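Two complexes come next, and they have one chain in common, chain A, joined by chain B in the first and chain C in the second.
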Partner chain A sequence: MTFHVLDHIMVPEHRIMTEEEIGTLLSTYHLSLDQLPKIFHDDPAVKTVKAKPGNVIGIIRSSQTAGRAESFRLVVKRPKK
Partner chain B sequence: MPSPKRIGKIEFGLLSPKEIRKMSVRKIIWADTYDEDGYPYPQGLMDLNLGVIDPGLRCKTCDQKASDCPGHFGHIELAKPVIHVGYTRLIRKLLRATCRACGRLLLEAVEIERVIGTEEEATGDILKEKDIKKERLCPHCGEQQLKINFEKPTTFSEMWTEDGKKMEHKLTPADIRARLEKIPDDDLKLLGINPEVARPEWTILTVLPVPPVTMRPSIILENGQRSEDDLTHKLVDIIRINQRFKENQDAGAPHLIIEDLWELLQYHVTTYLDNEVAGCPPARHRSGRPLKTLSQRLKGKDGRFRGSLSGKRVNFSARTVISPDPNIGVTEVGVPLAVAREMTVPVRVTPFNLAEVKEYALNGPVRPTTTSPCGANYVIRPDNRRIRLSDQNLQATVDLVEPGWTVERQLRNGDIVLFNRQPSLHRMSIMAHRIRVMDGKTFRLNPAVCPPYNADFDGDEMNLHVPQTEEARAEAQILLSVQENILSPRFGGPIIGGIHDHVSGIFLLTHETHWFRKEMVLYLLMHHPMENLPEPGKVEDGVPYWSNKQIFSCILPTELNMVFRASSCESCDTCKKELCERDAYVKIFDGHLVAGTIDKKAIGAFDGQILHRVIRQYGMRRAADFIDDMTRLAIRSIMLDGFSFGIDDEDLPRTEQGQIRDVLETAASDVERRIKIFQDGQLEPMPGRTLDETLEMQIMQVLGKARDRTGEIAGRHLGLENSAVVMAVSGARGSMLNLTQMAGCIGQQSVRGERIIRGYDDRTLPHFRKGDRGSAAHGFIQNSYKSGLSPTEFFFHAIGGREGLVDTAVRTSQSGYLQRRMINALQDLKVAYDGTVRTTGGRIIQFRYGEDGTDPSKSSFGSPVDVKGIIESEIKEEV
Partner chain C sequence: MKESMEKRIAGAELPEKTRNELRKYLGDRSVTEAQFKRILDRVVREYQNTRIEACEAVGIVAAQSIGEPGTQMTMRTFHYAGVAEINVTLGLPRLIEIMDARKAPSTPTMTIHLKPEYAQDRDRAREVSWQIEAAPLHEFGDITIDMENMQVVVQLNTAVCDKRKIGVETIVENAPKKIRERRHYRDFECEVHADRALLLFIPKDRESYQNLFQLAEHVRNVIVQGIDDIERVVVRKEEGEYILYTEGSNLKDVFEVEGVETARTRSNNISEIADVLGIEAARNSIIDEALSTLGEQGILVDVRHLMLVADMMCMDGEVKQIGRHGIAGEKESVLSRAAFEVTVNHLLDAAVANEVDELNGVTENIIVGQPIQLGTGDVKLIAKPLKSGD
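Now for the complex of A and B:
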């Protein structure tokens, strides 16, 4: 049996954003790519969705205050110490 | 102002001797400072090339006056190199990591790769001292390495064994320097050193920079004597020894003498840099005081960083003791006349206020009483010259005042000031108040604003700052004023509200129903601005009466509708609502208190429901007025009967005392019985517990229940005529547990949640038998605070009390540091106009502030909309 972190209730939904989605995201928030929050490439959830450095991950969490909160993170390579 | 620049990079390195000589404007060779005429010696420590501190002289380097010359560095050529104490660790590492003969790293390429990684995949690590094995052969030249011994503060020596004998050879700074020079640049990079800015031999000083006189000015004492700065003293020592060293060296003195002098020079340079080095006696002043040398100037609380750069002192501030005044508003602060006289607000003179401003100036600096109009202390001419007003120059100066001048007017009623109490842990620690000039010597504040400041009146002092510009005043009024801060951003509820006596008073007024005659009603409401009394609730024998609930309703806004349960509510299974025998069901209909008691839940700081609703429905200003009305009404109602508590309020009749004794005796024998079962081996352990733990838990449970039973017995006797009960029930102060401990039984004392076990062998105190597991032997206190503790009980009580004290001390320091770190990490984040939380670099922290974009201080206990409140006030019924 294989275990998928994404199936766990404490792990929010992760998905890879398309180029087009990234474009709208960056323009709505007037951002450059490196101003996005980061996530390491070896994060278990990132590995599960098979995202590579440079991809943007969309995360949908349940929020105590808002009910549903969306966040976006840029996948980066984990630096060596 | 110059435009801000982006910092490209910051480089950390060592000062090379070349650089030191380059930045030096003068070689210093004489240890003397000033000659008999008080003129600096050329090439002395106070040389005029190093900058000037005496007014009238000009700097020989930049030709500027004392006030403009920033000072310039000089240098001392040391006779022999000495070690810089700050780098001894680095020197040790380098000596141990490199070959004593060829200076290369004592590692082969493969070994280096293991730590550093290959060129493509660097681990980011640098070589550590530990990566090199001791006393091996150099892989490059084959030289046998020796053990390097380091002795604090600055002694290095080589150790080896020869024919079974231990040999030691001291390394002079010159030897060390020679070795460090041999280390190739490429090897340094592997050790984490950039050789372009920090060659390791620069850690051994051959030339010493002399700081400009401007950073070590001499002061002239009252008797005209000059007193030199500590740094100058130390530099004098260095130059003297250096001079003597040179002379001895030139004269070809014996090796021993040279070595002694070298060590002495090393000592002086060491203490000049850092006078608190381990293993080195601090250099002292003639008086015996340790000198404050370079590193002491930077380090610590009063050092350059924490004391001078992060910490600032300001003008236009006052500090004094605070005391309460329930008769002033929460937005006000009472300021002593002496403070109001001294502190000023600048008023720019225009054609429109000329007459008014001249009036201030004409009143002069004296101000006899609190009611007299405010005067002025200074006038400022258009060329920024200040003229102090005094009786002599008053009329003449005032006649000169015209548009373009500024008059520094004294404080007067209604001026806005910032009021602060340390520690400033949250934004409500600084709030803007309006001034009320008063007699006395203390700041006065309404006790209702104590919670945000966390102030009490046991000797607390507070600070007051007077904003000096129109912008500052506007900001203070709009953002910092008390009424804007009633809602705490911590939980979205009121943080300002009734405390202690306000809660007790309003409870005594509104509990149950009683009736007041007109005089009393008018007395209670005398400070409340209202035009008409409501219709009397009843008329008896032609005399009109008003109920207590009517009186409270007078201060409520007229359209207020709400239902909630008071603090005294016991959450019964079925609520009897209006018929509640504790009068805990509060119902307000169209601004009339229909039923229920007003207490902490209604008007208290932190959870005042009425307060909260008033803010939501009518805004901050109305809420501030409500707090003022409420506190005044509460103080007057508590004064109707008076409110006090004494030792005989804890008296219990014999029957109750007997019952308490019975309960405690039963509990004690129950404990004995359980111990017996345990000793007989009959005890069934609870799941997951040992037998011992099971017994302990059972005993704790039995004794805990017994304590509560005594509380119930005492509580049966003590009713609402008892002040402590009133305070506990209304939520003003204390709890029924406190009362239980005073009248009934103090109960089990514990350390870390367990009965007291520690002490002597198998017993807590010599008063008990070894192995006694009974209740008394392990810290159960049968007595009450009233009946008094037995000696053993008293000791156990002290043990339990000590744990509480230690916990608070540890918690405050730990949480304080945690908060400091959080603030430092978060201080520059801000909510951008698009609702995102960003750093100064525009990097996103949150895509929406708090995920829902709600300002907690504008929220209703965290939620953006108070649905329940809105529905309640519309349908006027409980939801």
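Now for the complex of A and C:
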């Protein structure tokens, strides 16, 4: 039996953002790409959506305060120890 | 409620939760267009007012809001957390554990939910628990030390094996393999008589009694069924379904067990969650664990503060600790270090290492006599010079 990371109740929805979406995101918040929070390329959720380093992941959390909150993370390579 | 109103609620700049409340409130009421406009405008305005203002020092507010109630916590409480005889660290030690992002909590536990076909039946739930609970060999039969022939004799009890749903062949095959692999003890040979459910362990050195007893110890305690890290499983009925509580945690292996509902099964080991389910799950788990640890002691902390803490800890893709020096890995300013202790040495070392101070923090800016970058101090005034004729 295989289990799916994204099915777990603690894992919110992850999806890869399109170039266009990234553009509007960065311009609305006046951000540069590296100011986004990070997520490692070998994160189980990143692996399931098959994102590569450099992609931006859009995360839709079910927030306890707002009901639904969007968040974004930049996929980066896990630094070697 | 008219459709046009629904559309305007959906389009309004409000959080989902407020929108739903508004929908619920207006659902079976008849309001005129003018009334609706007033209500919506008012709600939007009130929402804008409750938002935190830009440049507010939310970190300090969060630190105080968690810190002060934290002083009220009972310091060392080990508690049987509602669950029969499973001991879980709670209170201040647990809160410290969460913030410190320890690799393993002092009392790892799991809450395992079962698939519907297993969750209703106590016997089937027990079956799953046997697949999970680590069971040493001595639970499956008699182990005797035969000193005359210098060997350890294991006579498996087939009735127990049947009851526990494990074949004699599996045990016979696993036991010697696991002693070698998991217990790293290799100085023995093994004779198998599967037909008589008999196992003979013979030490390589047949002269030493010490070796024989050492071997017997390994044979007795080798885990032949279940998952090694999970020492105990308790089956409990809660809200009409059977749930397994464990002492010890191993998400990855438990997810492989037949009958486990993976989607709702959770652990209190945050770093394990980060490895198996990802950083977002770890963030959720930090919030849940911290909130329930505080809540269990009757301390109510607004979830926003914990969300901020969890966000900061999970910012860089891995769970980082919040210690007394701030968030791990964040560089501390030279000037703020110098302001604390041995001023000259710090400045000298910084000069030798060619360190640069970005003047981001509060301390540094006060030292150099600038406004700190918080509140109104963070706003730069940009003025457009008036053109003649304006």
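Of note:
Basically, the second predicted complex is superposed on the first by the 81 of 81 C-alpha atoms of A that agree within 3 Å, B and C clash if a C-alpha of one lies under 4 Å from a C-alpha of the other, contacts with A are read in each partner's own complex, and residues count from 1 in each chain.
Simple rule for what comes next: a contact is a pair of C-beta atoms (placed from the backbone, for glycine too) under 8 Å apart; a residue touches a chain by one contact, two chains touch by 3 or more.
These numbers come from a predicted model, not from an experiment.
By the touch criterion stated above, A:3 is placed in contact with chain C alone, chain B being left untouched. In the superposed model, A:72 makes contact with chain B only, not with chain C.
In the superposition on chain A, the chain among chain B and chain C reaching more residues of chain A is C.
When the two structures are aligned on the shared chain, A:39 is found in touch with chain C, with no touch to chain B. Contacts of A:59 after superposition on the shared chain: chain C is touched, whereas chain B is not. In the superposed model, A:12 makes contact with chain C only, not with chain B.
In the superposition on the C-alpha atoms of chain A, the part of chain A touched by chain B in one complex and by chain C in the other spans residues 37, 63-66, 69. Residues 1, 3-5, 7-12, 14, 37-40, 43-46, 59, 61, 63-69, 73, 76, 78 of chain A are the ones touching chain C in the complex. The touching residues of chain C, when paired with chain A in their complex, are 15-20, 255-256, 258, 262-264, 266, 273, 275-281, 284-285, 287-288, 303-304, 307, 311, 314-318. Here chain B touches chain A in the complex through residues 117, 121-125, 834, 836, 838, 841-848, 850-854, 862, going by the rule given at the top.
Within the complex, the chain A residues that touch chain B are 29-31, 34-37, 63-66, 69-72, 79-81.
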